[in-house]
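Before I ask anything, here is the structure I am working with.
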Amino acid sequence: MLVVFGRDGISTMRLSTGSDLIQLPALELPTRATGVVITVLLLAITLVSSRLVYKRAKVPVWLISVFAFLLLVGFLVWASAGSTLPIPGLLFGSISLAVPLIFGALGGVISERVGVVNIAIEGQLLAGAFTSALVASVTNQPLLGLLAAMVAGMAVSFVLAAFSIKYFVDQVIVGVVLNVLVIGFTGFLYSQLLAPNSALLNQPPKFERIHIPFLSEIPIIGPVLFRQTLIVYLMYVAVIAVYFAVFHTKWGLRLRAVGEHPQAADTVGINVARTRFLNVSLAGAIVGLGGAYFTLGSVGAFGKEMTAGAGFIALAAVIFGRWDPIRATLAALLFGFASNLQSVLSIIGSPVPSEFMLMLPYLVTIFAVAGLVGRSRPPAASGKPYIKS
Amino acid sequence: MKLELRGITKRFGALIANDNINLVIEPGEIHALLGENGAGKSTLMNVLYGLYRAEEGEILLDDTAVHFAGPGDAMSAGIGMVHQHFMLIPVFTVAENVMLGNEQTKSGGRLDLTAARARVREISDRFGFNIDPDALVEDLPVGVQQRVEIIKALSRDARVLVFDEPTAVLTPQETDEFMVIMRQLKEEGTSIVFITHKLREVREVADRITVIRLGKVVGEALPTASNEELATLMVGRAVDLTVDKAPATPGKPALVVKNLTVIDPRGQVVVDDVSFSVAAGEILAIAGVQGNGQTELTEALMGLQPHVAGEIALDGSSLRGHSVRKVLDAGVGFVPEDRNVDGLVASFSIAENLMLDRSNQEPFVKRFNLQLDDLKTFAEETVKEFDVRSQGIETPVGRLSGGNQQKVVLARELSRPLRLFVAAQPTRGLDVGSIEFVHERIVATRDAGTPVIVISTELDEVAALADRIMVMYDGRVVGIVPGDTPRSVLGLMMAGVAPTDGTVPTDGTVPTDGTVPTDGTEPTDAAPTNSEPTASTEGAAV
Amino acid sequence: MSDSQVPATPPTAPPSASTEPRKSDEEPGRWHSVFREITTGSAIISVLAVVLALLVGAVMIALTTTDVQEAAGYFFSRPGDMLSAIWQAVSGAYSALFQGSIYNFRRDSFADGIKPLTDTLTFATPLIAAGLGVALGFRVGMFNIGGRGQMLIAAALGGWVAFALDLPYGIHLIAALVVGVLGGALWGGIVGLLKARTGAHEVITTIMLNYVAFYLVSYLLRDGFLKTPGSNNPKTPASKPTAIFPDLLGSNYNLHLGFVIVIAATIFTWWLLSRSNLGFQFRAVGANPSAARVAGIGVQRIYVYAMLISGGLVGLAGINQVLGTTTSGFGATVDSSIGFDAITVALLGRSKPWGVFAAGILFGAFKAGSFSMQAAEGVPVDIIVVVQALIVLFIAAPPLVRAIFRLPTPGAPTRKPRLNVTQEVTAK
Amino acid sequence: ACAPAPTDSGSGSNDSASDFLPCIVSDFGGFDDKSFNQSSYDGITAASKELGVEFKQAESTTEDQYASNVSSMVDQGCNFILTVGFALANATRDAAQDNPDVDFAIIDSAISNDDFSPLTLDNVKPVLYDTAQAAFLAGYLAAGTTKTGIVGTYGGLQFPSVTIFMDGFVDGVAYHNEQKGTSVTVTGWDKEAQTGTFAGSFDDISAGKTISQNLINSGVDIILPVAGPLFQGTAQAINDSGKDVAIIGVDSDLFETTPEFGGLYLTSVMKQMADAAKQIIVDAAGGDFSSDPYVGTLENEGVLLAPLHDFESKVDPALVTEIDTIKAAIISGDIVVTSDATPK
């Protein structure tokens, strides 16, 4: 393919930003030659893996990863023929787009792991975004805004928990309805309260970027990962903490037990309802942080329905990531990357109509889910109320 | 520790599951609880364990009244319970399951898995269990899962242990080992409540017996009581414990399986080159410890396994590679091993479940339309015929007791014209009354000239039903022996030891072809000798 | 649950219907259960849920009305002003809701006065169709969030037939309708196929396909076969008169043939789910896929069929918009978020065809009423959204409504709760 | 809450004009979209204040609400209804045909028959803008101001009301290159191919930010975001980047409407919708309604470039003079600015 549609020219990959200490030279690749090399490598891998498949052996994951990576490089080289691709910018933007998705996905993972399906991620994000903007504007304290976002996310979660755990209402119903409710409430308050008084109520101070000494000077990843705002650093912590907590602590063991087999958890003296309540609330708080990112980390003001479906993408990331915090994070990053790639490509001038470029992240996700992930098993008791006699 | 239950009454809505029950468990005794399905045994134990809260009554431990708000309280008071349906998290390891609710942590709140593993090993060594603490529970055979449950209870130093039908899923060997463990525990001073439907076990191990019927204690008995006495006490009527079975009159071999090999999704060979045949009008019992390929074998017969090699022919036409639909349409009736998962749709009514595997054909479907009137008539007749006890054919089967659920499955499969009947674990978890009924129906099916395969891990059942017995071990056939082969021989075969010194044919794969087993009076001898084109000689070696 | 007091009655039994919205045991005893629902106060609960939600809405309305705000400014000097201002605002808003959705007393003749009711039915039409599609998915155990994409594709393909082809009366309409429904079915079928073939979770694929459809249709509107010649606006030409749903009650009313088609679709879905063998298989797969497989039902194939039909029903909603509601050309938002509202409608209707029908009409009434509420009283649209959401929430949680209104819990529960609704450990 | 209660007499205000009821129906985006809905809303607010009358409003949130919103306004007894956006064209047309005694004006669109033939109705006034003219000036200004030689633009969705800005902008830059021999390039819009960079929505502010980051990364130092509120994302991206990048606003003078980013606005390409709407309503109240289309141009100051505000000192005065000259040339017809999206 790359050969057939080969484009002549030089593809330039810029690897450093202007402010880096260590300046890497830009990588200049002759488009057609690189395309040929990569195609040959890809063919080789395909051959090897088809032989493995033939022999009923499993194709190792690293081989698939190498394949995907080469494919990506090949595509980038092809697409950027004759122009310059700013790699750090591409990656930085990917992370920015992924941050709320990651927070959302973490909340989704926790909530579903404990047995409560969280369709309400969108609502939690939006509530977090709204509240953080309001509180931070009024108090002029971004930290308080962050805290308020957590409380708001928790409040939404609390309703989810109360209705699904106490009143056994179908969790999907509550989730769907909560999204609508939050959209309605925030929309209402926005037009009645924030929009008319925006200088007072909708101009939150933003978090400043913090450059982490040394780390931020590492070529390529430094500017991408370590020149971020507090919320992004919180996200790193959250990903690791959630992963560690879910799989390596008593809290996580109980959480997973309740989500897999609540009755079994009950028989060993774990309070199922309380465990669910607490963890669903916690999940809401985490998602709320993601909401705060919209207003305090990213764009600096609340806008109606500004989450624009991020909660649903996060939900997809939860499933795509098979209810695992790390994998869900990777899924969110993949989505962020695909979204940003389309925007970068459309900027360096793509002959493809904008609408098709905009489809890219969604198509990538479908292919990834259908091709790589396939069947996945949710926590066994997810979505099912636990009713005691 | 002495345990006393006084005047326990537990209602579910209008139903009184336990009605003023009094029960005393002396320290260091094994106290058996008997009762038919739905008598209220599990309910009583759940009350004791703090899972249910009784409306009336009290619990005394060493003569002091205690209140359990939940299982946590019961556990800390020294009560442990192995539940009828395992309370294990399938995706957790053994160690994780054992430590759950009782976790030890290291610095930073990390789980101390090392300590948990050590604990598992320690207990498992004490009883000679040989369990890998890092195995995932879902990968373990049920027998081993049972041990995990026991370890779980013991790891909390339980001094009163409740076993709710622990042996329902165990093989004879495992059951025997389990009894040894119970005695061992008893020696150590643990009091045990033991619930089972198997009278042999009760008489073997119990010190005292209490029988419950319809939520009330109806009597006490001693282990010296006869099976018949106990059964009558339980069911409230005389039960015929031996299956009345005329000698089989096998016809031509109907199902012929040759060199069948099944590879599971993980790429493992789970059925390895198996050959056998079943004649019309005979029951072939497939015995073996759970997990030796019997399940996959039946699934391969039914078209439920994707990777199958070899040949399966029913009345001369091949079944291999056919969809489940086609296999069913070819006249194969199937009672799956796990009725809850594979056999029934719990939220469907009895009537709907009765048409479940005829959802695309007459008489219940005509030109895409369900024939609800026909179904109703049929369901009412069938429910009567099979004595399914319920509030009507519209009752969701999820609300039936296990025995009645099993009857629904049997009724569905046996109420259409069959050319082969395959029943896996047909009486698992059923009370004696229900077992009697199921067995009668299976024999009646045979007598109607249908070839029958019964898969059972229960030697009593195998002995009661089989005309011939095929024993499987590790995916292979160990041997095919006559129906009256002694337990001891079967037990050895189930452990993979092929029968020697000519007691059984080593090439017993196709006994109907006239190779004469040396062991006297097999009904298979009467089989006509002309039908087998090739006398396969492989398949029996271990 | 931790006090040692022994309760006289078991802890509140969950109402059977709300905990088991996807169970299948309703059809044969439907009238029986309707009867039972009324007698056990379920209908009362629904009414009270609406009342409760309207109360919350009233608070919001009161807060936004300028008269009330002004009167609050001098609340202590003349409290009555504020109260009457509140009363006026709220009663005005709700009477506008009523007059916009059911009957307008200000009109002279009955024929004019009843027009709002016909508008309600018109707005309910696509909600019911899409709700049926989503509900059908639920019954097969699939969550179809892809209503938006399915509606868009249906509208695009069917719409093209309606504006680009010249066909005789009747045939044109049927062709557009069929192509539209097939378009929805196609878009849903992709999801079913992906699930059957690769196991890709339908929640992911439906969400993603929504976006794909949106951008695809946007492109087609701008530069493809949906573009209006001679116009730059991303909007299609108007549907030809030969393809438009005829008005049912004359041109004074908006109600069109689509409503009759949706009644037919409801009957069809009811028949499919409870009277046909395919529906039987759908329900079996939804309730227990492994038992269905063992019973010879091709589970993967059922997923594909179910998504085809689900998508087709949602597609009916899409084509209904083009042939009935926005006949003068449509844009890339012709779905009007009905695909999402349909989820709520399906859930509120408990995934039963006639339940969905009723829920669709309730939502249609809200939609119809919201116009006059907004226009007459200046009530922000968001309040209506909030009230709708609250109604669903309260209807879904009868114990909460009972607790708020201090109603007695109904006597002995009609269905005993299971100890554990989750599956039991499978011994294997 | 302790203010004295008002006396009842004053509450009715001047009853003379109160039988005139102007109304407005929005497109989705709502009246606080920082874009054309909001400008139109400001217009009707100003008009009713001047006339001393109330007005009624309806926000559309979905496409199937247009017709009902317009007709419920008719039901409310509105004498004049302002509809905002091309999407409401048919709803407006239909209501106008059914209610000849109600006057309508529609922002950003003409009306046409179902067979696309242009239609004029006595009671509908189309309000159109030849935005490309002002955008042309903005393009020229940008090309003369950029230091990196790259200027950028992006849109919300590829609508004509969006691309008309981008077309004019590109032409203005090209004109500068032609006149001054510069080689300034425009990133984000290719007028020939009509392809470019779009956020895919008009709500997703973070998408605006991401796109702007990417534009800045590729060396752009002046950005024209044509995507409603998404320019806020652009402003944030600029602040985050720490670079010297300027925004050109659209629709209204962002320096006035969103002053918090004041230092970033080079200028704004304004469509004077509020003024137009106000004037039309005041005329209608006075019985001077006319259905002649209003086309905002540089000539009638319906479109224009906003003041430079903070950039006054940074922009070469010669450039400003040149722009005035070009403006005059456009008005006189010496320079013809074309766009596929120009209202016809």
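Just so it is clear, A, B, C and D label the chains in written order, and each chain counts residues from 1 on its own.
Throughout what follows, contacts are C-beta pairs under 8 Å (C-beta built on N, C-alpha and C of every residue); 3 or more make two chains touch, one makes a residue touch a chain.
Since the structure is predicted, the reported quantities are computational estimates derived from the model, not experimental observations.
A.B. asks: From subunit B, count the fewest steps through touching chains until subunit D is reached.
C.D. replies: Contact-graph shortest path, subunit B to subunit D, evaluates to 2.
A.B. asks: Taking the mean of the C-alpha atoms as each chain's centre, how many Å separate subunit A from subunit D?
C.D. replies: Inter-chain centre distance comes to 35 Å.
A.B. asks: Can you give the whole-Å distance between the Cα centres of subunit A and subunit B?
C.D. replies: Here subunit A and subunit B have centroids separated by 46 Å.
A.B. asks: What positions in subunit A touch 2 or more of the other chains?
C.D. replies: In subunit A, the residues touching two or more other chains are 191, 261, 263-264, 353, 355, 358, 380, 388-389.
A.B. asks: Note the residues in subunit B that touch 2 or more other chains, in rising order.
C.D. replies: 12, 51-52, 70, 86-88, 90
A.B. asks: Identify all positions of subunit D at which a residue touches two or more other chains, and write them in rising order.
C.D. replies: 158, 200
A.B. asks: Which of the chains touch, listed as pairs?
C.D. replies: Listed in label order, the chain pairs in contact are A-B, A-C, A-D, B-C, C-D.
A.B. asks: Okay, in this complex, where on subunit C does subunit B touch?
C.D. replies: Interface residues on the subunit C side: 1-4, 6-8, 10, 13, 20, 23-25, 28-29, 274-278, 280-281, 283-284, 287-288, 290-298, 412-413, 416, 418-419, 423-428.
A.B. asks: Given the complex with subunit C, which residues does subunit B contribute to the contact?
C.D. replies: Subunit B reaches subunit C through residues 11-15, 46, 51-56, 67, 69-70, 85-88, 90, 141-142, 145, 169, 295, 302, 304, 323-325, 327-329, 334, 336-338, 340-349, 352, 355-357, 359-360, 364-365, 368-370, 372, 394, 396, 398-399.
A.B. asks: State the interface residues of subunit A toward subunit B in the complex, per the touch definition above.
C.D. replies: Result: residues 56, 245, 248-251, 253-254, 256-257, 260-261, 263-271, 380, 388-389 of subunit A touch subunit B.
A.B. asks: Going by the contact rule set out above, which residues of subunit A touch subunit C in the complex?
C.D. replies: Going by the criterion above, the answer is residues 163, 166-170, 172-174, 176-178, 180-181, 183-185, 187-188, 191-192, 261-264, 273, 309, 312-313, 315-316, 319-320, 353, 355-356, 358-359, 362-363, 365-366, 369-371, 373-376, 380-381, 384-389.
A.B. asks: What residues of subunit C sit close enough to touch subunit A in their complex?
C.D. replies: 1, 10-11, 14, 18-19, 21, 60, 63-64, 143, 145, 194, 197-201, 203-205, 207-209, 211-212, 215-216, 218-219, 222-223, 340, 343-344, 347-348, 380-386, 388-390, 392-393, 396-400, 417-423, 425
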